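Each chain carries a letter (A, B, C and D) given by its place in the written order, and its residues are counted from 1.
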Amino acid sequence: MQKITLLINCPDRKGIVTTITQFILEKQGNIVYLDQHVDRQESTFFMRIETEFDQPEFSISSFEKKFAERFETDYQLTYQLFDALHKPRLALFVSKYDHCLYDLLGRNASGELQVEIPLIISNHPDLEIVAKRFDIPFKYIPVTKGTKAEAEAEQIKTIKEHNIDLIILARYMQIISDDFVSKFKHQIINIHHSFLPAFIGAKPYHAAFERGVKIIGATSHYVTADLDEGPIIEQEIVRVSHVHSVQDFILKGRDLEKVVLARAIKAHIEHKVLVFGNKTVIFS
Amino acid sequence: MQKITLLINCPDRKGIVTTITQFILEKQGNIVYLDQHVDRQESTFFMRIETEFDQPEFSISSFEKKFAERFETDYQLTYQLFDALHKPRLALFVSKYDHCLYDLLGRNASGELQVEIPLIISNHPDLEIVAKRFDIPFKYIPVTKGTKAEAEAEQIKTIKEHNIDLIILARYMQIISDDFVSKFKHQIINIHHSFLPAFIGAKPYHAAFERGVKIIGATSHYVTADLDEGPIIEQEIVRVSHVHSVQDFILKGRDLEKVVLARAIKAHIEHKVLVFGNKTVIFS
Amino acid sequence: MQKITLLINCPDRKGIVTTITQFILEKQGNIVYLDQHVDRQESTFFMRIETEFDQPEFSISSFEKKFAERFETDYQLTYQLFDALHKPRLALFVSKYDHCLYDLLGRNASGELQVEIPLIISNHPDLEIVAKRFDIPFKYIPVTKGTKAEAEAEQIKTIKEHNIDLIILARYMQIISDDFVSKFKHQIINIHHSFLPAFIGAKPYHAAFERGVKIIGATSHYVTADLDEGPIIEQEIVRVSHVHSVQDFILKGRDLEKVVLARAIKAHIEHKVLVFGNKTVIFS
Amino acid sequence: MQKITLLINCPDRKGIVTTITQFILEKQGNIVYLDQHVDRQESTFFMRIETEFDQPEFSISSFEKKFAERFETDYQLTYQLFDALHKPRLALFVSKYDHCLYDLLGRNASGELQVEIPLIISNHPDLEIVAKRFDIPFKYIPVTKGTKAEAEAEQIKTIKEHNIDLIILARYMQIISDDFVSKFKHQIINIHHSFLPAFIGAKPYHAAFERGVKIIGATSHYVTADLDEGPIIEQEIVRVSHVHSVQDFILKGRDLEKVVLARAIKAHIEHKVLVFGNKTVIFS
């Protein structure tokens, strides 16, 4: 059996659900799950379909070709089609903070995330010990002002060699160049340690402390050319009070960061995130 | 234009989404919103459809007849069909606590709830002043052990006279008889002041205080013959700590009760709640 | 019996708790509750004390005089002393949104807030009906660009006449002048319909919708000369998703605004809020 | 410098804060933090004090002796006195679920928990690999019905040998005997995978799914002779809906369990938990 997941968006029109589901039935697909959404303001239709095909001769690429022919032009439809049986390959980018790294590796070891993690890249050597504990190749690529371009070139080369599907900035403390970002559109997920758009930029916990907020947050988003401005995938918050120091904010925030990043990765790898403009539709 | 909302459940089968949406298109319906869910464990298909019909000659009852003919037997399909333009008529049952009553009347006055509230019934005269403030008829029907059957008969008679669609137990402190409940299946919504199934029965805040929980909750559910055991529609919680007395629990709980009850009513009147067994599917 | 509540802050020093509590004991006060906090970073000591005095001859002003003499200079101590039996008098400022108004009046009618509300001021006549329902004087003071100074003069005059202790901007849609603010330092509480500091300014729900956040919030804060920048008293959040329109954000936000504003008022009137710099200490 | 933390409770009486703080000052202690609470219903006074002593000749045991002499009888005072510089030694009990184990070991490796973890005990050999990754001795002690007493004897022996201060049941799937529990009063922390007291006993996620709740939770508590009935330290919740299967509940619950258990451990090792009756006071 083969399984595909389709993410679709197009201008809304009468009968669109029927037309698409009928197309899949004609191709002998079994619709296992369907989730749709209409953005009334934008008159845009969104759909996620999980389909199974039992026939031995079924070819994903051939199905995709026919699907595109039928809908792309006539329905001004944009789609993404995923082989749902492919296990995504992740590269983790880290610097010195290890909590998100431990968390993701622990989850993967537990079988909670269905991914391959063949590569950890860092601009510092500190976390090699964590990589070793989980038997994952650790690539130390230092980044300085002068060597940033070369470092990114090496990062990209390494990523390509490992057939990476998704890059996770797991508290990676370097800004990624526009050029790098443009090569991995909606394939880089960052965890920002604030409730965006509050406290954009560096040291958000310190800024939150200064402002005297009663709730702090963390935000996972796709990385775009504009720092901390990419489409938000997930956010979570926790209460703080005057008894908490900046250090307490940071400690409490660690748990937020871990959970929010893991949820965002999970949604992405299950093909439940559709980016539209600078926003996301998160299917259930 | 006419609008109907359909709630559907049936054994899951291939092509069911297509078949039903196609039926509606054939009847010249415009599907404005569709939300579906498959319960894999029970192999059951659930769907909610909002449809608009523009043709002047369209008749809801005639559509319903055809829909039933086509699907009820062949698909073992259960459906509820609502005239989406009908404004639901609510009867509020209260006793002495006024916070949910004030909240619901305030919301309705604000235009937040799109309902008629032609009737408040109480077993105590205390809250007549609240009803008066909002110019709503207040019916005082005392209930004692000996007169319960008569009191319920009068309640039912009054409800029928006012063409009530939905009964809200807004902290009504009397147990409703099985006989009464059976007359209004899934048409009575209660707010229970605990995080069910914890602290079933009377004085849940006192019980929560005794147990030393760190979080308290409120639960809105349909009333069934089994006390506090009906299908849950909505729940919400708030943190408490050792600094809070039972009185604090009660005060904090009031805000929970108001919000949870209002959300449950909103979901029900928008026909987003489908009861299946003793559980609810809440469509988005 | 007389009851006073003291809010104190001063540079931290050894033995400060003992010294102050001993002073109160010497004056035959019974310390009913004591809550203290040390801000290590600022080396500042904060304390809230509830005290009861049984002796018939006890005079609050005389006690205050002695307390000030003993501590103000020697300990560089700042204090606020409240007669805990005085029922605070609130003026509610509103415009056209009625949900916070209904909520506060309902709470007060329920006995949930222990305050007097002798005055509602509005720059629009629309909500007079709500005031009438709860038998509260409603003062319509229109505000236009040209008449703002006069309008504020009239507002201030009315507030003085009614011996108001606390002004609540219950979705009052006018910016208060610096001059007005300076007359009621930390006596004006506003509810802002965003999770500050995100979405400062007008139309925060629209801005949140545009940004595609997954959580929205509301913030209650003291009004200062800088718009939306005053010390935060309370915040709360609720989840949103792609299925929610701006209208849904607004509706969900209403419940946040009501709860957050009510909590902030409650904390203030129980003298649990101590403003320090641009932050608040909220005692338990 | 030496540091001690005191947890105190006694019948409430006038001047108690002053008396105790004065005693500490006399002994040249510097009170770094003081948090007190009065349970009015029980007329009981609770206090937590962090104190530093600079004098070289200071002896904790001598201080404790004097403190006990002064207060135990006269004030019917119960106290716990901790050397705040002692690093607690934890034994982790596990079975087959590894998520809490990975989480705690990751936290400790990150320096987030200030503890020693010299011992992992399991009734299954499966998680030895996790222990190895973090270089922690793993003791496999199988438990069967017939060998339970012996197994517990061996567990206790091992615990004593390692000078364990706190036992963590990190999803340990065996019931501990009353005899074992009595040997480690308030020194065993369990994580229960439900929002207690809802869903006591086995398979709480399945029970929650059957009941159709909209929120699930996790609870960390001290283990007592009554299963799942011990004093609650911390609880947390997460929303679920009809789209979630039992498997989803279990997955979502893992994150709750990890966070709740970690918070409970942190509160305990910082001596912020005072057990009183079957409830806890959690100091800030």
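Note that a residue touches a chain if its C-beta (ideal position, glycine included) is under 8 Å from a C-beta of that chain, and two chains touch if they have at least 3 such contacts.
None of these values were measured; they are calculated from a predicted model.
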item: Shortest walk length in steps over touching chains, chain B through to chain C; value: 1
item: Reference chain D; chain at largest CA-centroid distance; value: B
item: Result of counting contacting C-beta pairs for A-B and A-C, higher pair; value: A-C
item: Inter-centroid spacing, chain B versus chain A (mean Cα positions, whole Å); value: 38
item: Geometric centre distance via CA averages, chain C-chain A, whole Å; value: 42
item: Multi-chain contact sites of chain D, meaning residues that touch two or more partners; value: 241, 243, 284
item: Complex contact set, residues of chain C against chain B; value: 98-99, 102-103, 106-107, 109-110, 112, 130, 133-134, 241, 243, 251, 254-255, 259, 262, 284
item: Interfacial residue positions of chain C with respect to chain D in the complex; value: 14-15, 17-18, 21-22, 25, 30-36, 38, 239, 284
item: Chain A partner contacts - residues on chain C that touch it in the complex; value: 37, 39-41, 46, 195-199, 211-215, 217, 231-237, 241-243, 245-246, 278-282
